[in-house]
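You will see two complexes here that share chain A, one where it goes with chain B and one where it goes with chain C.
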Partner chain A sequence: MALVLIYSFVRFSSGYTGGFISRVSYSLAPSIGINFSTGVSGFTDALLILSVIVIFISTLIAEKKELDRVMFSYILTTESGLIGVLISRDFLFFYIFWEVVLIPVYFMIAQFGSFRKESVGLKFFVYTHIGSVFLLLSIFAVYTYHFDQTGVLTFQIGSLMTNSTFSYMPVFWRDFTIFGFLFAFLVKMPVFPLHSWLPDSYESAPYPATVILSGGLSLMGGLGLFGILLPVTQSLGTFVLSFLIALGIISLVYFALAAMMQSSLKRMMALASAASMGFVVLAFGAGGLETGYEKTLELSGGMFQIVAHGLIMAFVFSALYFIKRSTGKENIHEMGGIFRETPFLASFLLAGLLASLGLPGMAGFIGEFSVLVGSFQAIGWVILLVIFGMILTASYHIWAAQRSLYGPYNENLGRIRDSGTYQTVVLGASLVVILILGIFPNLLFGLLTAYTGGL
Partner chain B sequence: MSSIDLGIGSTATFIHLIPEIFLGLLGFAILWTGVRNIGERAISWITFSGLGIAALLVFFLDPSSGSAYSGVMVFNNFGKYFAIIMLISSMFICYPFSTKNYSKSEIFYSTLLFLNVGMVVAAFSYNLIALFIAFESVSIGTYVLSSFGKTRRNLEASIKYFFTGTIATAFILFGASFYYLGTGTFSISSSALSHVINSPEITIALAFLIIGFGFKLALFPFHQWALDTYDGTENSVSAFLAAGSKILAFMVILKVFLSGFAFDHTAVFYLFVILSIITMTYGNISALSQSNLKRILSYSSIAQAGYLVLVLAVVAGSGSPTSTVSEFAIAAGMFYSLVYIFMKGGAFITMNAVPKDNVELEDVSGLGKRSPATAVSLSVIMLALAGIPLTGGFLAKYYLFLALIEGSLWWLAVIAILNSAISVFYYFRVITYMFARDPKEGDGAVPFSAKAPVVAAAIITIALFFIGIIASFMPTLISAAGGIFG
Partner chain C sequence: MYIYGWLIFITPIVGAFLSFALGRHDRRLAGPIASLAIGLSLVFSILAFFRVQSSGPIDNSYNWFFNINAGIYIDHLALVMVLMVSFVSLMIHIFAMYYMGEDPNRHIYFAETALFTSGMLGLVVSSNLVLFFLFWELVGLCSYLLVGFWFFKPNATSAAKKAFIVTRVGDLLFLIGMAILYFSLMGYPGLTSGVSPLDIPFLINHAQSIASYVGPNTLGAVAVLFLGAAAGKSAQFPLHVWIPDAMEGPTTVSALIHAATMVTAGVYLVARVFPIFYYSAPFALYSVVAVGAFTAFFAGIIGIVVNDIKRILAYSTISQIGYMMAAIGLGSVIGYSGVSYGMFHLVVHADFKALLFMCAGAILIALMDLRDTREMGGLWRRMPITVTLLLIGSLALVAFPGTAGYFSKDSIIAASWIYFEKSGSPYAIIPWILLAGGSLLTALYTFRMFFRVALGKPRSYLAEKAHDPKPVVLIPLMILGAGALFLGLIQPYFYRYVYSQAVVPSIPLYIEAIPITLMAIGIIVTYFIYGTERYKKIDISKNLGYRIVKNKFYLDRLFTNVIAERFIAAFSGATASFEASYNRGVEGVGDGTLNLGAFFRKLQNGVIENYFIFLIIGISVIFIIIEILGVL
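Moving on to the complex of A and B:
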């Protein structure tokens, strides 16, 4: 993990101008176009850093007392899958790693989940697997037509995902391919009609797995949109992009409303996580329709939002975990006024909630703000709906904080322990990262803008 | 070795029959050991290594000599590949660490060797009569094998299998005679059939042959025997029935319907599209509601047969049997067969870990705690059957679906891939039972004899993933695939 960090600092510290660097490529079976090739762009590098941080936090809150040692092997398998997805530049291996990530997460839920763990785990796996198989069919379709067009058999993402390949394909196959790609990526995000696996999985999963789900797996959806589909936005067409914008806004509002109704903090934050991924979809859709400065701002904002969302969710869920551990509760009604007994933990959770609602100064604000500013060109006054969603988001976050953390103390809880040194260090360090990104967004924004501009 | 010319235009030599002769002689030798009473362990070792040697002998056959014995046998890489696969799948049935005690074990093992002669002959023959005889010798052998065991269940399974199997045999014979009526020859080598025009006799032959051969492959309307037989027979025998015997039927179907009906691919296309869709859908949906583990595996092997015959749909649908797409599809089917014998054989062999006849899902609960090696291996095999990456099963499905897309059969690919997604449910149910539940009282550790073959099968399944990607394995198969047309 440290290796990835050092590596990315060395390679990206100066003079990155977009595109992919550091390709490694091995030809495995050239006659049917199988290569193992890797490469990292500014965007995937940001996601790499995010994924290692998220996995690191996840290992920190996986405590040996409660979970089997095998948990750590699941976490590390997930990490290798994630890194594999991020660095693959060949569709075959991209798909393989894409699927590999699912298996350990399934096991984490099925073995250590809190309620209905078997059926929830299965639901998660089958749902996302159906998404994946459509991805596979789409890959095959692009592969076949690319061969038709150029006579070259290759699974290279860079050569397949081009507008010329897409415009060569017959209309039906192009739509089929686009549908397959979008379906796979939107299930992972998830957006509005494809989300039913999400609340159950997030809630039932043990906290380390929830952290991975919110920080790591939603990242894969974002990677699919911005890493795979971005070069072919022209081929998607106005209708699809507008549809994506609509989906993004609907998710934002719908998940905010659904989150407001939840009594479990964990489930509420699960829906909040889905709501903030709505911004990412919105950014992708709107960015595809725009030009010039707004396009860059919009797309970079969307990508920044993926990173910020992952960090914030990892932070919120780990704070929730520590609260759950000292109070034994995660329902809003069962808590109440715990600030009196655990001022540190309660403040950390409040900071997480504020970050999640997009308070200026925190990482979440930058992404949402730039998406909001950028979108105006594409969607005009519809942006009021987005703002409405943001107001909803803010209100239920504050409302939940008020009911669970402040107010009269719920005496049923008895005396509870506040955070020890360990918890403070873990949470404090994550919070510092969020604050740094909120105050100096250009650390990341520059990288992302260069990636957008380099395309 | 002197070369013996046995037919007009024959270029092959006697040397090509050495594997068959070796297996036959070894079978008689095993029968003779029954008189000397040397013990079952020794006999199973001899059979095991004999099958291995036969596989090596087949491997070193010279495929360049082409057809022999008036075109009855054609020695090419396609036949060699399937002969080796089927010999390996027979090795599952007689792995030497087995603790099963058969009465008159020499009969069991010599029957196995004799039916392997039939398998090797079937792999190389391109004549409906020779194919029928080879196929039948295998069937009769499996009727005997499935009746071995101590209980009435074994006998019942065998009788069911025998009676329905005999009817299928009659259908094959009837179909073969109509085939002769329509084409004027028993040869199914496509070069001999170029001039044949379509006629009613051919349609009748097509229908009757698919009933006969589809029975062995357990395609949907002809599958009912498979459930009872797999469930009732002893585990290693059902492993063989589901793996080796099925691959034999698949290979015969490939040859008869792609090469033998090369002049009329339209009917073949529609037939196999319908059969594959209903077979895989039926198999997958029925497996969902089962709680008997062996029945789940039986239904899953019906579903897998549905995937296998997709190959015929692609080739027949592509219009030209020698195009790149067709060869790729056949190669995908060949790779699938190779992975399939390890997945399915390994899965059925695992049932040995539960020392009872009727293996329910509850019986494997907590296997992850009782015997991690077995549980992890069985999980690998289940993941392979479901087509999840890092197992050979993924790559097999990958090539198959790629062939479907290349053949522009997107709707078939969507149906197949949704089926594959449905199947995840019941495969993962098994995994969930093993890892998420606690063991029942009184279940002990799994003995080595039950563990070893499963672990081996799981390791091979993973190894096949890397072999399939890294080596130039697929290109080799593609070049061998053309041999199907004789």
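Moving on to the complex of A and C:
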């Protein structure tokens, strides 16, 4: 009964925040030098929709028998942290919420994880926390120099993150601040050298937590880049932006190569998730260097990719979860031909894989297309490397589908159950969202282009 | 907004969902629903035809996202394609009700083929390259799903994977082409608001000024990338490797996707944006003609040594699409007429190749999916209607005078002679040599297949027991057979419909006679070898040339065994192990930190004397350091 109550509460809360989206509110509550102020831009609006949907999916798929009711409270805490991060227009609260998100996720992994759960949870926590420390230091640096320059003590993101503040700072502190911000955001993203927490956490976490990690937490990195750093792209300088482009492309190719040889579908999709966040980093770097309508397309595409990636990963992991529950397996070579017994689940997983490789008609295509087509101005023929990464991506997705879903049925699995009505509805609804965004992208894309300054 | 234009491709989507949803409960409903939907889109296509006749091209487009539009653009070129696709698809759907009649998953089959048809029709009518690409991938997806339709066959799933990945390579080249075009058009004065840089009507109407704005070489690069995409989809050298494997799917799928419609999408792409090719640097159209003519010849050679009836047809498809490509590529000298020639061969080929595949399908049903032509023989007597239809298709394929194939294909060969005459360069003879030589090869592989199937004694038990299906299921084949015989009559009208200045090429009779003679030689030679028992005496299996051709020039092996397995897989394995050790390294750092903490924890054991000792040691160390530094 209590579970049902919590369950309905979750529904209500998700629905409530869902209602928040449509209007842009700006409320200020001054206290001792620090304001608690919230506001929603077109971009954070898109992310709010994403986070609400992802959390919603996560609660819907959470199995009541396997997971304690405390799981739901973790999910809710994460949600409030996420929403706090998204709507804060004040650095201190931004930071607080940023940290709030970590704690419940740590507990989700450490308490319900599947293998080496404590150490994996600790790794996740320490890794991302180091990022947060740099974020805090950078915030203080900007805060101090802003005070030095103008004599106003404020944590307002809008007034701190300006090119004038950054150009006022001495070179060392400016570089340190930029490094700190980028480090914090890129760990969350994650990009190539800072990703080591990701495969383990994704794989060990229980599926609802994986959904949150892939859909909700990766959003924070994107929010950092496009929400916080976008106004100061000029101060970042060409070198940093080119470096980000390089990181984005390296992540794309590297994760694709690493994912190809994974035997666990869950770990493979974790790496695929990281690879497709490479597009976001690439979009930010390339968009910062570009001019004209390509810049708008590139930046909006990057932001769209965050949303699309979150939805798709939430969908893929939900489908995987149901397959895991049905077959008891998540390793590619332990499955095989399950399409025969579970046509619905297998089709959903295939749809998720196709969406993840950027098939047109699905949300992922719009993001990847915009990023790729928009990036030619900044990267020229390096685009071939991106294409190489995309070919690899297509290859390992399709290869995994071939080995796990098709071919002769693996009789060791015995008789397995296909998805029930409930599961079909949940998966079908998520797929419909992905398709709608892929076919009518302007629902979000308009918001995002407006955010980046329009045509 | 011209609603019937939209309905052309929306109807089959609805049909796909309906035939899946209703077919789940009653399998018998699936086929009729899908066929009805395709029939409706044929009706809408005909309506669109009259609309275009009366009031010019239809162009409705709306903002899709940012400055990318989505919409329909139907002109004469699109119309011939729309009519062909919906008609051939309808015929194949009707035949599939028989061919797939017993399959337990036929509701899925019909939903997927209807979805495919919708994607193909959408591709043809779409007004923007991005939307074009969406449908382009949708048909690729349907091809993937349908090749792997019998998912329990390992061959089929691996063929599906290969098809998807190889065409994906081409598709991504398409994306790069769009990226360059999109970038280069920034600041182009013709880009008023509401016009998307990737709109097809915009591109083809302004091609000349676009070429001078972005520079012919850049535009040529775009064109070549588009050609790469077309090569992937249309199975042109060197991306043709997926199509013979794709024959593992149901035969109606091969007829629909891998013979008549989807594989011609690449040709359609080149024809669609032909002005871009035409006004860009000359290397763009040179590469089209080179790829086309070479593939036409190359695939013909492989076709001669293949034994699987469907694979022979697959190589012949590759080769015939090479003719279409070459025809369009000739456009650098003969202008837009090349598009007319290519498109006519496309339509005629769709007709007779669908016929050939469906005949093969009928034979395969009778022979319980035995595809090896060496095991057939004597079927003409046992399956007279089917094999006669097969003969009609084969005659059209080898361009026997009087059949439709003759009008479409020999005109291309003739046009390539005109190309040589007009261009003046001695190298310009190469396309003509390849294409005319191709007609010998076509005759060789086609009639090698036909004589093995039709004549002689049955060489297997199954072939002895074969018999015709009920004549009623062969009606679609008969309609297509009539087309294969008589479509040639519309040749001049067709040419003028696609491009108003196009005429049937006329060249000296002695040149005209060469391909026909070669074709006749081919038929006679194959009759002497395979129409009789002589082939048993010939053993060329030790011959080096034979082995190279039999191994498909080692291209499949290069792609699969070298690039995919040796290179990519090794590279990926190395990355995965690096990833694992990197992961361990990071954890090592974490463990090190923890151990360090543990070490210092031991020091804090609460014994004051120890603290004092450490203090003294520490101070002494500091003093020693100072001393050393002072000395230095």
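A few notes on this one:
Methods note: the second predicted complex is superposed on the first by the 421 of 455 C-alpha atoms of A that agree within 3 Å, B and C clash if a C-alpha of one lies under 4 Å from a C-alpha of the other, contacts with A are read in each partner's own complex, and residues count from 1 in each chain.
As a convention for this text, a residue touches a chain if its C-beta (ideal position, glycine included) is under 8 Å from a C-beta of that chain, and two chains touch if they have at least 3 such contacts.
Since we're looking at a predicted model, the values are computed, not measured.
In the superposed model, C is the one of chain B and chain C that contacts more residues of chain A.
In the superposition on chain A, A:425 makes contact with neither chain B nor chain C.
Of the two partner chains placed by the overlay, only chain B lies in contact with A:176; chain C stays clear of it. In the overlay built on the shared chain, the residue A:392 is in contact with chain C alone; chain B does not reach it. In the superposed model, A:436 lies in contact with neither chain B nor chain C. Within the superposed three-chain model, A:126 lies in touch with chain B and with chain C [touch as defined at top]. In the overlay built on the shared chain, the residue A:152 is in contact with neither chain B nor chain C.
Residues 122, 126 of chain A lie at the contact with chain B in one complex and at the contact with chain C in the other. The touching residues of chain B, when paired with chain A in their complex, are 383, 388-390, 394, 398, 401-402, 404-406, 410, 413-414, 417-418, 420-421, 424-425, 428-429, 431-432, 435-436, 469-475, 478.
By the touch criterion given at the top, residues 28-29, 31-32, 34, 92, 95-97, 99-100, 102-103, 106-107, 110-111, 117-118, 121-122, 125-126, 129-130, 133-134, 136-137, 140-141, 143-144, 173, 176 of chain A touch chain B in their complex. Chain A makes touch with chain C in their complex at residues 119, 122-123, 126, 196, 199-200, 254, 257-258, 260-262, 292-294, 296-297, 300, 337, 339-340, 354, 359-361, 365-366, 369-370, 372-377, 383-384, 387, 390-392, 394-396, 398-399, 401-402, 405-409, 441-442, 445-446, 449, 455. Looking at the complex, you find that chain C touches chain A at residues 63-67, 130, 133-134, 136-138, 141, 144, 148, 151-152, 154, 157-158, 160-161, 164-165, 168-169, 172-173, 175-176, 178-180, 182-183, 186-187, 193, 564, 568-569, 571-573, 575-576, 578-579, 582-583, 586-587, 590.
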